[in-house]
Every structure is written in structure tokens, then in C-alpha cells.
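Each in C-alpha cells, the structures are laid out below.
You will see chain A twice below: alongside chain B first, and alongside chain C after that.
Showing the complex of A and B:
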């Protein structure tokens, strides 16, 4: 318990994000429209009947639904957190998502290979593009913004070439590989589960390994990282490769959830992903941030979008509100403690 | 190696005759600018401490001092580039306020920065006329009139270049002239030259001095910030010496000599009686012969196990560049470097680290520490792979090693988990030293290890250096403070313009001799 408090004390920078999340959750419950009919819900070990008027937001079905849809953004946000920690950016994740989705879809539609092979190929395609990003950034020493802008454009084109500019529809008759793929990968267990597992793995990677420590050191002060003998080039390659791999995973999930691979998939996804990471307190200047923060950021955006949708607020209005939230979140992180009570202070812990 | 054991010269020999005959004594006129009680503090550091100085029209006034004496700060302060913490400035008898460069320019005061503040992607004419690009009522830029305006300014200093040339395409010397032309076009009456010759070739220096002489004859006050003796005697009418941010005195150049100025720069109140005991052995650790890099011309010296070798010299003499070459940051283009008997030339700091070299960089904030990371994370950074089986950080091992080295360096931090940015300069430096102590290197290159560090921490750092020597490590130490070098080092190598010009035993030298070698003009090889 003491240890937990100690950790919390060191992670004050997330306290405010956590408070915002809880407040948002409570608000969502309060303003959520009620159910029109009583509803039975299975919690696994028991079944409860939720009365008429119970907030729709606070049903297991709703919460797992939105988790499943947002898992795609969430998976990509894990890699983006690493990239932004190194003071970089990856604009190509949305295009990588499409490429992985198309590769997976084509393998399932046009071959007799088992669906698991299609999944592996999709993720592999994403990994390759990520490695390409990393190699170009590390070797050419061009800003990541430019390199990934180029791959964002090029990879989307490549994916459309593969799909012949048509939607790749998955076969979904019972007994086909496509059916099995959708049944298994698009299930809530697998989508939410893969996000949770990956989030845990990346949180440990960042917290517990030499690699994670190096990533933060590189973003904090690249010159000093060189002077301390860190393998900065190899690290950049690794970070972008991992991000490509995760975008590949996101592509496979998209393909399963949509039951097709379509060129609209992943359009502007990179912006949602960056927003999640930034709201989670990761600094675009590098060196400061965490996986936990990005998970909180994801939950905040997810709940916000859901509650606006449930209240029939149009997507245009949602975007305007979202803009406000991002600006507020970043402004809050700018306050380096001076005007906030000590326990609310944002930023690295000072004396 | 022609001049490694260069004989000490008479301090008067390097004095060149003045380029221009001084005119009538300018001090008989009314002063142009009088500064009194000027103080400047950066946080807790006092850069200027109640300095009084007066500048007359039509004089070249040199501001001299060792590295960190405050001469540049004073120059910038007069030109409004840094605001004063306290003190009064009078221009022609009127008390004025100079809070920014615009205030200064309105009074006819401007500065030629060492790092020129020109716009490389704009033309010469646009740079000169940048304060007022509107020639005419229409609000549009009139290029023809702008060119005429620029040509007039360029003509005054006799620079024959097209006003349409991009400044970035010009050689540095011409860029400097453009900066001067711009100053003149603003009707400057006082121009501060901040170490203006450091990036110039000899020819360009001659040209610059001609222009300065001409400006003086036109009645402009030229304040020349420098630490080069030969320039002072070539150019200046009067010299003001600063030491540790304090005013030491003002002399007429014709009535003083190099020896006196050196004495003024050093002061007499230095305690050099304390010496670290020597642990030097006869076993060679590092042998540098004729080393050349893009920044070094000819460097030769040896370091033995257990020996502390100091590098003295002015800023820009190439002291830190030796460390960069040893640590794989600069390519070695000539000469040889042997580490423990093996020829080396590292391509990266990683390779240098593996071979047992450690570099404590000069600027701990930009080159050393990760300011947002904790004290412990900063300390363990260079040895992390060694204490992390399969890449998983061994936190127990990390804590015990970092705590142990923290005790060695007498590091004071509220907790090992606080951000290193919240520590004092001394404790930040100890954190960084701790990082390199943990690597257990054989050769330590410490680039100004006590820079911006309080007295107590300084003593601790001296002790660490001595302990390293005792353990048989070879240490090279750069310092801008001569007493510090004399105190800590067994031998002192003096650097001058990319060359090692003297190899002096501590017991046989003194500050005057070192400073003479360091400030004398470029030594011609015998």
C-alpha cells in the first residue's frame, strides 16, 4: 500500500488526467439517456435485469462495444506513445492500417490459407513499413514528420493498388476461413483482449527494460543520449518498427470488424491517435509521457464520443467539442504546478 | 613536433606596433557613455559586480579579461542585448534606460555579435535595411532605393559586393562587414565588437582593423571585447580589464604592457598553495602525436596512469575538441592517438566507451543530462546494459550502484527519484560525474568539470579527481580557471589556436607563464 502511494506520488502528472476521466465518467452516467425497456445483462457468473430508465451508457454492452471500436485507435496509440517519447511523430499509421487490412483481406478472399496466416501477413506488412520509416529517419536524419508524411501518402496508394481500388469483401459463409476470421478476431474478447494485453506489454517495455529507459532518454535529450553512448539509430528503427507492427495489428482488427478491407479505413486515424497520446500527457517535445497516460487519453476520448453520440449530438459538433478538449488538456499540462494545489500538480515531480 | 617545449618568451616581444597612430587623446572630450555601478546576475551567479566604465567618442576601447570575467556580458549589456540587474548608464550626460536592443539603437549604440545576427536567406541590402524596408509612401519595398541605401553603407567601409547577394553565400568575413555596414546605416555612435576576430582569417582581421581605425577617426566609439593580447596592442587606445565580474582598472594601451595586463587579469589574491598530491606513474595511458581534426591543427602530449593533465587556453583554442576527438565525436584527420599502446580512432562515443574512455561534456544541460529524468536514471544511464540481464533493468542493482557512487561524489538530493533539473548546478554535475565513474573507464576527459558549480561542490570534485588518479586512472582536465589547473594537475598543456604550444610541469610554472602562452599570437613553428 505504501509502495502504491509512493508510485502515485511519483506519477502526479497523471493525477489530473485520472480526475478528468472519473469526472467525465460520472457526467456520462448522469446525462446518458435511459433505456426504454428493462434489459437483461449477463455478467458471466450471474444475470442482472437493468430496469427501464437505467443509463444506456452504463451497460456492459455499451461499454464493451465502444472499447471494441476504440481498441483500433488504442493499439496504434501504444506505438505512437513511444514515437512521441523520442520527440518524433508517425503520420503513416492510418495508411499502414489500410495496407495491413488489404493484405489480410486479400489473403483470406483469394487463397485457401488459414486465416491465422492472413493475420500474420497483415501484421508483417505493417512491420515492414514501420522498419522502412525507422531506417529512413535514422539513416537520412530527416525529420520524422516528413518521412512519415511521404509513407502516409505512398502506402495508402500502394494498398489501393493491391485492392484494385475496390472494397475487398470477406467471404462470410459458415465454414470458410473468412467466417472463422470474423467470428474469432472481431469478437469482443479478442479485440478488447488484444488491446489490454498489448497495452500491458508496452507499459512493461517502457517501464522495466533498458530499451524503454533509452527511449525516454533519447527524447529528453538526443545529444546527451549520443554522448552517453546510447545506440540512438537502432532505437529509432526499433521504435518505428514497433509502431508499424501495431498499426498492422490495428489493420487486422479493422478488417475483421468491418468484414472487409476498404480504402476509407484509417483515413485521418493518425490524428485521432496523436490526440489520444497528447491528451494522455505525453509531451510532443519528447522525454515525458507514459503508456498508462495514453490509455487514460483513449478512455477520455472514447467516453466523450460515446456520450455525445448517445445524446444525438452530430459528428460535426463532436469534432468541435473534441478540439476544445484537446486544447484544454494540453493547456492543463502547461501549468507547471504554480497555481495548482500540490497534489494536483502536472509535470515531472520536483522537490 | 616543433614547439612542444617552447621557451618562454619575453612578454614584450609579441607586442606589435599599433596599426594606426592614435589621434589626439579622446579622453579630453566629453564622454559618450558612462556606466556606473553596473550589476548583472544570472540566477545566483554574479556576472558583473558594480562595474564602472566610460567610453569616449573616437576611441577604440578594449574590454579584456579571462574566460568568464564578464567582458562579453558588459558589452552586450551596453547594447541592450542583456538587461542590467542594477546600475546607471548615461549617454552624453543624460541618464538613459537601455532595456533592449531597440532602446540602444535609438541612442546610436549597436553590437556586432560573435554569432552574427544576420538573415542568411535575405540579400545584403535587405539585411542592411532590415529596420526600415519601406522606401517610399506606397508601403511596398522599393528595391532600387534599398540598394542605393545599402551601397552607401557598404561604401563607407569600402566593401565592394553586390547588394543583391544572399548573405548566407558570403564568407564569414564579409558577413561581418555587412553587420558593420548595417550598424553604420543606423547612425551608430558606439559599436560593440564581441570577439569579432574569432572566426576570421588573418587577412580579414587586418581588413576589420582598418575599418575600425577609420570608424575611430570618424568619431565613433568602438568597444572591442577580446582576450587576445596582440589585438589589444594593435588596435586599442585604452584597455579596461575585468576579473570575476569586477572592474580591475583602465589603462592607456601606450602606457602599459602585456605583463601588466596579465597581472591585472589574474589578480594577486589567488591561493595556489593548495596542491593535490601527485599519483602519476611512469606507465603511459594515452599518447597523442601530431593530432589533427577539423578543429585541431597540431596537438601532441602524453598522459600516464595516475596522472592528471590540465588543458589551458582561451575559449576556441581547441581544448574541448581534443576530448571530442578522443571520444569519437570528431573525425581524426591526421596524427596518431595511442590508448594503452593501441592505435585508436573511434567512430562513435559507443566505441570509445567500450574501449574505456569517458567524456564529461562541457555543457551538462545540453550534452550531458536528461533534465526531465530522475537523478538515479541519469546516473545509471551509461552502465544500464551491464546491470540488466536480458534487457530487464535490475532495479536493486541499479539502486545500490547509484547510491554508492552518490556517496563517493557526496551528492545531495532529496530523493534519487526527483528530476535532475531540480538539483543545484553542483549536484547536477556530481550526478553526471557519477554516471561516468560507474563506467569504470581508464581515461577520463573532464571538460571544465567545475563550470557553474559552487565552492563546496568544487572541492568535492577536486577530491573525486584525486581519488581517480589514486586508482591509477588517467585524467585530462580542461579548465578556464588557472588556479584550479595548478591545484589539480601534475602537468599543464597550453593550447593556442588548435595547437599544443607548451607542456609545463606544475612545480615549474605559474599563471603568468601559462597565460602568456595562451594569449600570445599564433606561434610560428620553428
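Showing the complex of A and C:
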């Protein structure tokens, strides 16, 4: 416990993010509408009966529901964390999502290939676009903003060419590949599980490997990293390729959850993804941030959206409140201990 | 000189690819009549279906060459494209305005140049056209409202029940679809029979509708009778959520959408996922009929507006 506190004290940015998250969670429990009827809930190993008046927010059903809904943004945020750590940005993730969804949908609808092949092709399509992003950024040395802006436009166009501007409906009669795909991939535990496993893998990649340290070094000071002999170009290609792959995964999940590929998928998703990463304390200037932070960022956004929805708040009001909380969460990270009065300081100061 | 070489290569490549693309588009044709259709945004399935139907109907006629421009949801681009169209002196210009004000000026210019203009589906404030062909979202909303009242009466013996509304984004179509339905529902709401238990904006998108419906389901603890969604993808998103939670509830719920596109709503109604959808007419058949009369018969005077009726598609 003492050690945990020490770790937290060293990483004040995350401490404050965590405080925001906990405060939000408690608020959500308090202001959540209560159940009107007692309800049984299965916790896997036992069944409990939640009484009348129990906050709807705090039910396993609701919490897993929102995890599933937000897993798609979460998966993309993992890649975006790496990209932003290198001081880059990837605006094309929403378009890659659509491309992967369309590719998966077309393979399932128009061929007899097993669904797993469709999944692989969808993810592969995303990976290829990611690699293209990375190669262009590394070789042409153009700002990632510009390259990924171009691919954001072009890839969405390409996806719509493939689908002929139409919605690609999956066959969902029992016994078809489409049915199997939906039943398995859209299930709660596969959707949430994909996110959890990928988050763990990417946290490990960033925290425990040489690659991870190189990524931070690159974002911290690209010139210094270059002079130090780090393979900066290859790293950039790798980072954007991984991000494309994750957007591909998000596309496959979207296709399964919506039971179709349609042109509204992934629209403006890049903004949600970037918001999650930034709320999670990753600096747009690069070099500073973590996967854990992005997971916290996702939880903050997810709980906030959910509690506003459960309370049936109007969509315009929701937008205003969301903006306020985003600014609050980011401001929390900006507060340096030294600028606070002594009695408000949490943990030891640097220096 | 690698730098100069690459610059030269880039210029050559750009020129070549532009030429190639242009070559694909402009096929030399000696059709008698030129019809230009300025579409607001090809990417919407509804509008893609319009384009397809235009190509089909005009394609049957050897004497007509059809050119379709896509403004891709960009107002400036639509203005440019209409101006470009005017320069080609078409026999008929059909404009599907992106919104009700942006194309006013160029449409006026087209009329001044003596070009016959049809305004399709969305009316403009300037009214610089020979005829407007469209449909009435409010009337469609009323039809949906009447269907809901009827379905609730069948279920409970009287128009009584709990309703969830999934709205589109804040544009006129959304307001009209809402107002139309509530014109019919309001008396029953005032009488305390019908209750709106949850309202959410899902911006016409299925993914968003799933998220919003999940919240609505949890917030109402599954206690509702009707889902009224402003379009079919949102209605189907809601259906998927309910089915995922409770198969029986998905069968019992009265789920109503709007648009009735062949590839979407119609299929979902046939599959029994939705109870009803209300066709939002493509308006294309009427536009071709009236348009050809305008081209071929100089004495023909079209009416100022043609409002097409919607068609209910029901199942379950």
C-alpha cells in the first residue's frame, strides 16, 4: 500500500485523473435514478437481488453495457496513445474503422469464406492503411496531421467505393457465417475481452519493452533520439501500423455490433479517441503519457456519458457538460504542486 | 539532382493521374439532351439510391445524357458545381440542395440563363426553380404517430403505453418527423395514456442509436412499449439492443422507423425486426416524368410544387 502511494505520488498527473474518476463515479452513484423494482443480478458465481431504489448505474448489467459500447473507442485509444507519445496524431482512425467494417461485411456477405477469414481481412486492411500512414510520415517527413488528414478523406472514400454507398447488411439466419460472426464477436465478453487483453498487451509493450522506451524518447526529443542512433523511421512506421491494426479491430467490432457496415460508422471517432487519450494525461507535445492513463480517460468519458443518458439529459446540455468536464480533467493535470498552497499539495514535490 | 528529378516526377504523375481521371469521367456522347443533376451528398444511402434510380431511368433513353455532380456535403462545392453546370448549358438542371439557402444564388443564375430547373426533395428559400418535387416529413411523422396509436390500441385495448423516442440531429427533417408524430400522440399524452419515458438524440446513426438505446433500456428497466426512431438504422440499432437483452421484449416492443429504403428498412421489416417503416420517396420517378415533359414540350408548365405521398411498410 505504501509502495502504491509512492508510485502515485511520483505520477501526480495520474493521481489527479484518478481523483476525477473516483469523484465522477461517486457522483454517478448518487445521482443515478434508482430501480423501481427489485431485480436479480447474476455475478457469475452467485446471484444477488438488488433492492428497489438501488442505483441503476451501479448494476453489473449497466457497467458491462457501457464497457461494451465504449470498447470500440477504447481499442483505438490504445494506438492513439502510442502515436501521441511520439508527438504525432492520427486523424484517419475513424475512416480505417469504416474500411475494416466494410471489408469484413463484404467478405461475409458475398463469399463463403469462414467468418474468421473476414475478421482477419478486416484487421489486415486496417494494418495496411496504418503502414501506409507510417511510411509516408517517416519517409516524406511530412507532419502526421497532414498525412493522416489526407488518408482520413481518401480511405473513407475508398470504403464507400467498396460498399457502393450502400449499407452492407450481414446475413443473420442461423447456420450462416454472418450469424456465427455476430453471435461470437458481438457478445459482451468478446467485445470487452478484446479491449482488456489489448490494453494489457499495449501497456506491457509501452512499459516493459525497449520499443516502449524508444517511443517515449522519440516523442520527448526526436532529434536527440535520431542522434542517439534509435531507428526512428522504423519506429514511426511501427507505431502507425499498430494504430491502423487497432482501428481495424474496432471496425470488425463495429460491423458485428451493428450487424452491418454503414457509412455513418467511425464518423468523428478520431475526436472521441483523441479526447480519451488527452483526458488520460498523455501530452500532445509527446513523450509523456501512458496506456493506464488512457484507460482512465476512457472510464471518465464513459461514466459521464452514461450518467447523463440515464438521467435523460438533453443532447445539447450533454455537450456543454461534457466540454466542462474535459476541461476540468485536463486542468487537473496541469496543476503543478508548486502552484498550489502547501496545505493542498498531494505527495512530495519534485526537486 | 534527385530533388529536381522527384519534383519533375511529382508534376508528371499529378498531371497524368488528373488526365486519366478526367478521361474516365467525360465520355464523348452525342445524345440530344443534356441533364445535369447536382446531388448534395452521394454518401448517404438515400441519395445513393436516388442517383441509381436516375441513372436507371435516364439510361433507358438514348437521347439523354445524364451527368451527376456530388457536392459531398459541402455548400461551397455545391455552388461551384451548379455554376459549372450552367456553363454547359444543360436542357435540364436538377438540384438536390444541401440546405435551403446555400444554392439560392446559383439557381437564380441558372434561371436567368434560361435553363429549366427542378428543385428536388429539399426546398429552398429563394424558390428559383420551375418546380419543386419533394415529400412532407411532417405528414410522414403523422402516419407514424397514427400507426403507433393503432398498434398500442391493439396491444392494450386503448391507445396507452410508454414510448421512447430516438431523434435525428437538429435539422428540419428531425423537427418535422417529431412534430408530425406528436400532433397525433399529444392528445393521448395529455390524457395521461401515453407517456414518453425516454428521449435521446442518436444523430441518424446506428452505432449511436445502440449506445443511446442501451441507456434508455437500463434507465427504464425495460419497461416500455414503443420505440419511435426518426430513421430505420436507428430503429434497427434499438432492436439489436433489445434483442440482446431479452428476445421476448424485442418481439413485444413496437419498433417504428422511417425512410423505407429497399436495402435497409424494407429488409428489416421483412425480417420482422421492425414493425413498420414509412417510405420517404426518392422523388426520382416524378422528377424524370416532369423533367422530360419540360424538355420535350415547350408549352408544358409544371406546377409549382409536387408533394409525393409516403407509403407505409408494415410487417411482424
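Here, the second predicted complex is superposed on the first by the 331 of 351 C-alpha atoms of A that agree within 3 Å, B and C clash if a C-alpha of one lies under 4 Å from a C-alpha of the other, contacts with A are read in each partner's own complex, and residues count from 1 in each chain.
By definition in this document, a contact is a pair of C-beta atoms (placed from the backbone, for glycine too) under 8 Å apart; a residue touches a chain by one contact, two chains touch by 3 or more.
Note that the structure is predicted; figures quoted are calculated from it, not measured.
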Clash or fit (per the criteria above) of chain B with chain C on chain A: fit
In the superposition, chain B vs chain C on chain A residues touched: C
Chain B versus chain C as contact partner of A:45, first or second or both or neither: neither
Chain B versus chain C as contact partner of A:33, first or second or both or neither: second
Which of chain B and chain C A:217 touches, first, second, both or neither: first
First (chain B), second (chain C), both or neither touched by A:167: second
Which of chain B and chain C A:315 touches, first, second, both or neither: second
Minimal inter-chain CA distance - chain C and chain B, angstrom: 15
Chain C contact footprint on chain A (complex, rising order): 33, 35-37, 39, 56, 59, 61-62, 65-66, 69, 72, 160, 164-167, 169, 186, 254, 257-260, 262-265, 267, 305-306, 309-312, 314-315
Chain C residues within the chain A interface of the complex: 42-45, 47-48, 167, 198-201, 203-208, 210-212, 214-216, 218-219, 221, 223, 233, 236-237, 240, 244, 263-264, 267
For the chain B and chain A complex, residues of the former touching the latter: 327, 329, 348-350, 352-353, 359, 361, 366-373, 377, 381-382, 384-385, 388, 391-393, 414, 417-419, 421-422, 435
Residues of chain A defined as touching chain B within the complex: 10, 208-211, 213-214, 216-217, 220-221, 223-231, 287-288, 348-351
